[in-house]
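Both complexes below contain chain A, partnered by chain B and then by chain C.
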Partner chain A sequence: MPVSEAVALRAPAVRREPGKLWIVPPAALLALLFFYPLALIARQAFLDDSGIANFAEVIRVLHSRFFLNALINTVSISVAATAGCLVVGLVLALILAFVPFPGSGFIARLIDTFIALPTFLVTLAFTFLYGSAGMLNAGLMETFSLPLPPVDFLYSAWGVILAEVTVYTPFILRPLLAAFSLVDHGQIEAASVLGARPFRIVRQIILPAAVPALIAGGSLCLLLTVNEFGIVLFIGAKGVITLPLLIYGKAIQESAYQVACIIAVVNIALSLGLFGLYRFAAGRLGA
Partner chain B sequence: MLVWSRSGRLVLWLLFALLFGVLFLAPLAVILLSSLADQWNGVLPNGLTTEHYTDVVKGQAWNAVKASLITGFLASALALVSGTWAALSLRLQGHALRRLLGLLFFIPSAVPSVSVGLGLLVAFSHPPLLLNGTVAIVMIAHFVLISAFTFGNVSAGLARLSPDFEQVASSLGARPAYRLWHVTLPLLAPYLVAAFGLSFALSMGELGATVMVYPPGWVTLPVSIFSLTDRGDIFAGAALTMILVVATLALLLGLERITARATGS
Partner chain C sequence: MSAAAFTGTSVMDIDAAKVRGAGSNVHFDKVSVAYGAHVVLHPLTLDIAPGEILAMIGPSGSGKTTALRAVAGFVRPVSGRIRIGATDVTDLPPYERGLGMVVQNYALFPHMRVEDNVAFGLRAQGADKALIGERIKDALGTVGMLAYARRYPRELSGGQQQRVAIARALAVRPRVLLLDEPLSALDAQIRRNMVEEIARLHRSLPGLTILYVTHDQTEALTLADKIAIMRDGRVCSHGPTTELYRRPPNRFTAEFLGRANLLPVTVAEAVGSKGFATARHGDALLTGAGRNEKAGDKSLLCIRPQHLSLTADSEHTNRIVGTLREVHWQGELTHLVLDVDGTPVRVSATRLPIALPEPGAKVPLFFAPADTSLLPEDAGV
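What follows is the complex of A and B.
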């Protein structure tokens, strides 16, 4: 996704010509369809119907239990899922790049296509795999003659975290493989011939090369997991409400638009902060 | 080669197979299996059937496929035009303005899709801009969400383009419009096709903004998959998900082949 744009922004101008107004049509379209609605969300959050600033409702919502729970859920799920993506992505990338096997190129491309698939697919699959009547529970109950399904993590934050690790690991894998392709294999062989153990080579040669990609990929993962909606909606656990799900519930199911807008302002501010972090990290990566 | 011993490599490959199997292969395989499952009470389905597919095709599903394809096509086409237009005209701006506007064109990709939908509801529910309840608001939501993506792809393509071709064309006396149409756009074509394909794929799977704004009668594939599984009809949901996956992959592969043939690689 926005991985490549850092390059684009630093491209030198081909030439200067009169024609600066050509930017107006696409900019106006975006302003009308995106920035104007965004401004109206802020307006609806802070002003009442007569157009007077009204912070009582804002303060009430920000102190409410449902908002604080959703905020804590969103942040903790996002941090845990990103940590999982970083670990899994690093392990997969290390093996794909430095201990390749026949067909590893194809497998890397296969994982990459997960970026194009809808996120809720994984949640739906998890229902069949780990749900109370899923394959894993059925297998365990048959094998050990258990009366109740023993595996019960799917309808909790853990179910969401595992699904997000599956969906967002490719976003770590892609920049990591790009970074690893630049590592000098001769250096690794030399270290290896001189008796360095694989673990030491990973720590002293490979990991330093991977740090920028890990930071950029990790901050992108934080952003995407904070914004994730499909996975949480499909798991549909009562105890796992995140900010996007709360906005949907307040606006569509309760028609409480002002409350939805107040929560949306917080969610958008959080996302834009993470976007800034990602841009900063990706900018460093390209430098 | 990082690990020289055969046993060490085998252990790592087993670890890879385990992670890949559990995280990526198992979900896809199980969706395929469940879409074909007759009844499923044990570890494996009791029998296989294509009933879910025929049910789904007979029911409302065909409308959902149509709604998703039309939405995806129109939103991606509009995003392609506006993203290419923006990327090309940004090159004519001064450095500071180019950086600022470039950032603004990327912001839609950072805002949660549910909030994009909420904003459209708030903005376009009153005259004179009454779009709530129309098909257009779904198209707009998809356009906004994928526009940053097409803009990014086309900008990346432009950055990799060698400026020589354009300079030679203008020194030979080609006017800007002629140069754009006969030099720049053909050189950009592979990036345009790739941007179109991936934004189409994103649109096909879009859920967050769509559930906020969709009118009755324009139910996209992800929304109808959700309502099927929410009703407990998970096998039909799986069948419809397979249709979505196959349609998306066919589209991406088809566009990739077109690009490969056009560039002769």
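What follows is the complex of A and C.
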């Protein structure tokens, strides 16, 4: 038997699946740019500056007042802002989807443009509107001859919440409008003919159809507000320290890298949990 | 539920007597609907008597659904008034009109069980629990869906969903039931059975006034006491179903409501005391039922395909001769297409001579004067 034939018999041709190796470049890129830095943060969280494992520091940070305050601030502000977004987004979406008026599409697109703007710009605009020397205070002081600005909420947690509601409402509005566009108008008409008034129709027909959209939009909003940095920093409200701001302070201002990384790990865990909720809800919505 | 379940004793007979709404008449008084400059319903004046089924039938865009939606309150007339019973409902919102409605795609609430769908209207109207329970039983019993009360709409077939939609509409004891192409989404077999079921339902609820919008002539002919034929936003004919079918007032009605052969004729002798005129088509002198035709009038003689026979008898005294062009066997019926002096004439026959003529052969056709109707030739509307 010639050698070439023997080789052919012993070694059947290897079937290469075309394109199988294409997974390597994106996986390598993700590992390099995303997973490796995250792993470094996680590693740093459990090592002290000399590279020795230090779990006591983790326990100390997790029980510290500054961390707990930041965690409480982060959760309460993001929950309040998300609730505000849900209410404002729902009302706007109901009007835009079910109250026919000329220009509703234009208004929807206009609201969308907020998504394109940097978050801190809204805060800057708010200082012109609601700041100590803003239009509202100036108008009120002049009208009622007041010695001091009467409206003083901007440099507090309420200012952060209002700015976040303004910035993130479109993230609720979009999925809601998509869900409302799928609601069968025949159901609304049938309900109406059967004697249901508009509020009952919204409560019993429209809202049940929009639950996945509310969960998806709400969890996305919660995710974004938990991680919001620009608005909180720009407003600079006294005593309003959230987890991202605390990480920034510890890492950049105090050079306490292990502490910053411990807090970052908690922040990441919180974010991934919310992201999981968002994906689950978005999956049910069909997004 | 399979199609077989619809056959035999009607499930709609069960307890139907309990679901009786006090039917009201519906009166359209010069009702007109327009979107901007585009008029979709020209001034419509029409009455539906209490307990009557009026079928509005016409091609797409003829205005029939617009008329129904105006009654429901989803379309606001630009002029005219709509009265249901003694109430002028023109300015009332839909939820205050006391109606029931069933639409093509059922519009059941997908997140509610069948019983909650049926109870929806009653709860919206503030009925007490005991009454709601009783009405759910009655309405679902009436349409034979009591066993499915705990199911969700997605767990039902199309026919079952439509039954639930009917039960939901009946549960509120509507003054008028609006049916907007309710069977269009069903397949042919289920649709035929549902038509019979709705007919039985109405016999059980003789007081229920129904406005039935459809583009299906069979549904209209089977169910309706009266038919209004719509075209281009206008009623082009309106009357009792059998009368409209047997004596269509114009060409559009003749052709839209069943198949019609329209033979051009010239009236030879005006309508006599018995309601018949004689008319000439080529060499043939024919007798047909007329209205007020006079000698010399150009007319169309309407003959339904099933009224033409290949054999003569004492009743089939009119005779025309055509050239056989096509033969289509369809099991129960055989359709022949002939050419009678340039006019295509269709014959539908259940029984044919054993030796059927070959295409191209001259074939005599016979028909009874009572089965014909003379129409004015220029009445295209």
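Keep in mind that, in the parts below, the second predicted complex is superposed on the first by the 261 of 287 C-alpha atoms of A that agree within 3 Å, B and C clash if a C-alpha of one lies under 4 Å from a C-alpha of the other, contacts with A are read in each partner's own complex, and residues count from 1 in each chain.
The working rule: contacts are C-beta pairs under 8 Å (C-beta built on N, C-alpha and C of every residue); 3 or more make two chains touch, one makes a residue touch a chain.
Owing to the predicted nature of the structure, the values given are computational and were not obtained by experimental measurement.
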Between chain B and chain C, whom does A:Ser192 touch in the aligned arrangement: first, second, both, or neither? both
Is A:Arg200 touching the first partner chain B, the second partner chain C, both, or neither of them? second
Identify the partner contact of A:Gly236: answer first if only chain B is touched, second if only chain C is, both if each is, neither if none is. first
A:Ala264 in the overlay: touching chain B, chain C, both, or neither? Say first, second, both or neither. first
Applying the document's definition of touching, compare chain B and chain C: which contacts more of chain A? B
Contact-wise, after the overlay, does A:Tyr36 reach chain B, chain C, both or neither (first, second, both, neither)? first
Now for A:Asp184: first (chain B), second (chain C), both, or neither, which partner does it touch? second
Which of the two partners, first being chain B and second being chain C, lies in contact with A:Ala216: first, second, both, or neither? neither
With both complexes overlaid on chain A, does A:Ile77 touch chain B (first), chain C (second), both or neither? neither
Chain B and chain C footprints on chain A meet at residues 189, 192
Listed in rising order, chain C residues that touch chain A in their complex are 72-74, 93-101, 103-111, 120-121, 124-125, 165, 168-169, 172, 178
Can you name the residues of chain B that touch chain A in the complex? 1-4, 8-9, 12-13, 15-16, 19-20, 23-24, 26-28, 30-31, 33-34, 40-44, 82-83, 85-93, 95, 98-99, 101-116, 118-124, 140, 143-144, 147-149, 151-153, 155-156, 158-160, 163, 166-167, 176, 198, 201-202, 204-208, 211-212, 222, 225-226, 229-230, 234, 237-238, 241, 244-245, 248-249, 252
Considering the complex alone, what residue numbers of chain A touch chain B? 1-2, 4-5, 7-17, 19-20, 22-23, 25-27, 29-30, 33-38, 40-41, 44, 88, 91-92, 94-96, 98-99, 101, 107, 110-111, 113-114, 116-122, 124-129, 133, 135, 138-139, 142, 165-166, 169, 188-189, 192, 198, 201-202, 223, 226-227, 229-230, 233-234, 236, 243-245, 247-248, 251-252, 257, 260-261, 264, 267-268, 271-272, 274-275, 278-279
Parts of chain A lying in touch with chain C, wherever the complex brings them together: 184, 186-187, 189-197, 200, 204-205, 208-209
